[in-house]
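Everything on this sheet refers to the single structure shown next.
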Amino acid sequence: MPVQLGYNQYGKAETRVVRVYRDTDPHELVDYNVSCALAGDFRDTHLTGDNSEVLTTDAVKNTVNAFAKEQGEAARQPESFGLALARHFVDDTPSVTRARVSIEMYPWVRLAAHPHAFARDGGHVRTATVTYGDGGPWIVSGIDDLVVLKTTDSEFWGYYQDRYTTLQPTTDRVMATKVRAQWWHTDLAANPAADMGADWAKSYETVLAAMTAAFAGHHSLSLQQTMHAMGEAVLEAQPGIAEIRFSLPNKHHFVVDLSPFGLANPNEVFHADDRPYGLIEGSVRRGDAPDPGLAFDPGQGWR
Amino acid sequence: MPVQLGYNQYGKAETRVVRVYRDTDPHELVDYNVSCALAGDFRDTHLTGDNSEVLTTDAVKNTVNAFAKEQGEAARQPESFGLALARHFVDDTPSVTRARVSIEMYPWVRLAAHPHAFARDGGHVRTATVTYGDGGPWIVSGIDDLVVLKTTDSEFWGYYQDRYTTLQPTTDRVMATKVRAQWWHTDLAANPAADMGADWAKSYETVLAAMTAAFAGHHSLSLQQTMHAMGEAVLEAQPGIAEIRFSLPNKHHFVVDLSPFGLANPNEVFHADDRPYGLIEGSVRRGDAPDPGLAFDPGQGWR
Amino acid sequence: MPVQLGYNQYGKAETRVVRVYRDTDPHELVDYNVSCALAGDFRDTHLTGDNSEVLTTDAVKNTVNAFAKEQGEAARQPESFGLALARHFVDDTPSVTRARVSIEMYPWVRLAAHPHAFARDGGHVRTATVTYGDGGPWIVSGIDDLVVLKTTDSEFWGYYQDRYTTLQPTTDRVMATKVRAQWWHTDLAANPAADMGADWAKSYETVLAAMTAAFAGHHSLSLQQTMHAMGEAVLEAQPGIAEIRFSLPNKHHFVVDLSPFGLANPNEVFHADDRPYGLIEGSVRRGDAPDPGLAFDPGQGWR
Amino acid sequence: MPVQLGYNQYGKAETRVVRVYRDTDPHELVDYNVSCALAGDFRDTHLTGDNSEVLTTDAVKNTVNAFAKEQGEAARQPESFGLALARHFVDDTPSVTRARVSIEMYPWVRLAAHPHAFARDGGHVRTATVTYGDGGPWIVSGIDDLVVLKTTDSEFWGYYQDRYTTLQPTTDRVMATKVRAQWWHTDLAANPAADMGADWAKSYETVLAAMTAAFAGHHSLSLQQTMHAMGEAVLEAQPGIAEIRFSLPNKHHFVVDLSPFGLANPNEVFHADDRPYGLIEGSVRRGDAPDPGLAFDPGQGWR
């Protein structure tokens, strides 16, 4: 039976590197979880076990650690660190034609009591995904695990009803979600030489502020509408972003029926349910946004 | 600023439905985690909050539960259950043009002591993803969380060396991985009317046996080579499968250096490491496999 | 063979109740995960299946939800909510002689943009465990998942060396831990009638500030020493606390050896390791602290 | 303010060691997660940072790895491996007066296709906890993550009713739980010299078979009654066990109300709920069982 190798990529996932900057006073630190995926011509290792074109995943890990030192300034932000790594893998490894570096950055806040001490800010994870080669680079920033909730200003009614619809409409509900979002920087993609100078941290803070303000201030008729408003706010606040994509689980807070106990419950006591959950996903783009290419994924179901 | 709504989908994720068949003796059961994603024309809810075209995710959950009763025979296998659900959402909901139903099935084994009692088989999760509409259906079966290990018959040497390469070559190592794989049934996609009669359980068992036999029996020069051999074995064993995709974390087992304690360690004591890990991903296809279309993903980075 | 029923307890674990206070402007909310364990004379249900003395765990859940409404003021703090619940289960259920209510409280911070919107503060979980009956109440407050790190001011040397010791001493290392701590309030236990008026939130903030200040400001020769300093600081800051217990995993940050790449690494690049980890546990008590009784556990390995 | 150090212990948690026996044909392997906690006189490191009595947790890890080689036969079973380690820490380290070694053992099953290849059996985790010193040893075996379910032969009715009781009685329900159990071997504790010869694997299989047979075959009026029957069956099957303790979450399977869709649901379609869950804990002991001492915990809330 004739079979053939299809799409493939490989690399080292989840290298947990922490870089401390000790030449500042007080010290600074970045805390990363770095995953690298390499694509190119790797037929031989699949078909015959000839590894002569394979950069080992151990070397990929070593490179992440070494670059945290060698590329100290680039390593201060996940976008520039990812770009430095992705460029290296493609430019310096003969067999690699495309590299995709995905970074989770765990924020820390300085403790008041002492300059060199920190507490982990568990309220959100900052992310960056850089794809280089095959027409790139594409630089995508993101956020994960940002849990937000509003106690009012959320309605849901007037929906399509079929035989299986039993939900009661509401003009006042608790709305909560855990935001996962990714946004693509086109100004930078058009001008890759400029990337190192971009103020990535400031850009991230601007997006975070716009996103949470839109969530908080929007009078919601559906989580989809709120998502769109959040996307619109981000695109308005940060002109260099062409598109933002969201994955928003609807963290249901159900009003508990207290009537068996002779108690009214005017939206005061809720059950925070685990599963199932609504899952709302969508993209908001500038009208003139270019094709995203491989920005959000390398295609064909691969990440 | 002109912005536009991009790709979007929504639905209910992780409905945990268990169906007991009590008209058999002994009882049978299936245990599912069902996630449904619907796509279509949902501009209004995003832009104005007009939900008149929106089937509620609560109704999606209700449908999953109701179909477990109404479509009792289809519900016996995740592939046919997913197809019944996906068809319904597209065919019976005006605004829905595509549905994607992803199911995790948790296997149970009957306890010896009593006919109606079971223990969860935690050794693997069976999966199915059915996409209907936009040219489908596509039916994809899969496995997750299958952890396999071999204590020998695995080598790794002769790889490309760069400045950051420090790994020592080996002709005998422990190789372990946690298999996630998905395979696409083309015979069925070509003949969707026939699907209900397919013996999905038998097909799954055949794939599982072929996959583990290839892992066990293959003398490995790289995890990529083993992956390809596993894919080839599956395609040989089950002619109706056009393509199989793998995601294989290399669960590193490092030989512990016991020399400081005056002890030799000829591949006897290993540290099972957590992170980082190699991640090998690839596809094996028949030479004449058609384009997979939306089988493995709906495109543009969405799942 | 004569067997007998030993220690037993039962209840409902992890009731996820969210209480919104809508009569304030802006709204306030508390977010709890409540676990209740009841002990008493429950021999019959174990031995014969006679449940006539068993309060159902479903009713326990209902009580948690109902009390979130009925005992609205008590529900504002986990300590007073736990005490109200524990008292009820013992005083109002004939068969229950002791109740232990353990609460996780998830902090939220108000978003700037709108008064009724919040983001989850993922940086720590506040806990309370209240035991009532059998001589109680005992009220224990706590914290979990507080991850702290200092980039310097930590040494480790001069330790005992045996045949298996290979660790190199250091006078400057990164020290990080994830704090789990519990502290017992004796002033309140001595005067249970006063508990509702205690400013539990203020007490918690005082402990959190003292604990993090001690971690940050302490020049550490061992994690044990730092733990003791943290405990001492807490007891000094909050006179009503008789004892505090810690469980501190040493989240190892290993200096990466970059010398194969010709790079020095003067404590700049670290690998944040997952497993194994040191685990330091200990208690700091006032010299005149009474016996903790059932404050920290009901004894015999039960929680 | 006079404060004092209370109870304390420390050690290395979760050393993930895999031991391959290559002198057998086919190879055998054991897969352990080993946590060691040491107690003794460690005042100095807490109070002054003088570590001269402290065996480093790094050396503890090294010892686990070295013993997997040096004590190869003892390492074949978690009970004997734990005892060898605990004895060493107490007998060979001047400051250590008590050691507690807790081991998780992950079972593997041999793949049919090749003698040296295995698949992880995810259906249960075998455990052992050995405490040595202060009057020990105590040897406790256990199981975790064994998920069992029965589709019938389970009733629940006739319970106490209070104001918050709304549950409807049932004479036929699905009952499911995830078994965590620990049992104490007194014959061995009385004769520690004999322990190496005990057939721990056979003892474990006997307990597992007795426990699951009792779950399956018992007509249940409450989960408490089933738990007691399981304990009784274990004590009958294995005379050397003096006491067994269970922690059984009631994994609720709720009958879904399908009546809004015009469908009957005679115990066929269930929602497998996550939280909250009933939690049933209890001990079954021989009538002449001695005091368990530190077998199940070292007391005062420590594990």
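Going in written order, the chains are labelled A, B, C and D, and every chain counts its residues from 1.
Definition applied: a contact is a pair of C-beta atoms (placed from the backbone, for glycine too) under 8 Å apart; a residue touches a chain by one contact, two chains touch by 3 or more.
Since this is a predicted model, take the numbers as computed values, not measurements.
Colleague: Which neighbours does chain A have in common with chain B?
Modeller: C, D
Colleague: By the contact definition above, name the pair with the higher C-beta contact count: A-D or A-C.
Modeller: Pair with more contacting C-beta pairs, A-D versus A-C: A-C.
Colleague: Of the other chains, whose C-alpha centre is the longest way from the centre of chain D?
Modeller: Computed centres place A farthest from chain D.
Colleague: Taking the mean of the CA coordinates per chain, how far is chain C from chain D in Å?
Modeller: Inter-chain centre distance comes to 23 Å.
Colleague: Can you work out the whole-Å distance between the CA centroids of chain A and chain C?
Modeller: 31
Colleague: With chain centres defined as C-alpha means, what is the inter-centre distance between chain A and chain D in Å?
Modeller: 39
Colleague: For chain A, jot down the residues that touch at least 2 other chains.
Modeller: Residues 16, 62, 66, 164, 166, 260-261, 274-275 of chain A touch two or more partner chains.
Colleague: Which part of chain B faces chain A closely enough to touch in the complex?
Modeller: 1-16, 35, 37, 42, 45-59, 61-63, 66, 92-95, 155-162, 164-167, 220-222, 224-225, 227-228, 231-232, 235-236, 243, 245, 249-250, 275-288, 292, 296-297, 299-303
Colleague: Show which residues of chain A lie in contact with chain C when the two form their complex.
Modeller: 16-22, 27, 29, 31, 62, 65-66, 68-70, 72, 108-109, 111-114, 116-124, 145-153, 174, 212-217, 253, 256, 258, 260-261, 263, 265-274
Colleague: For chain C, which residues count as touching chain B in their complex?
Modeller: Per the stated touch rule, the residues are 163-164, 166, 260-261, 274-275.
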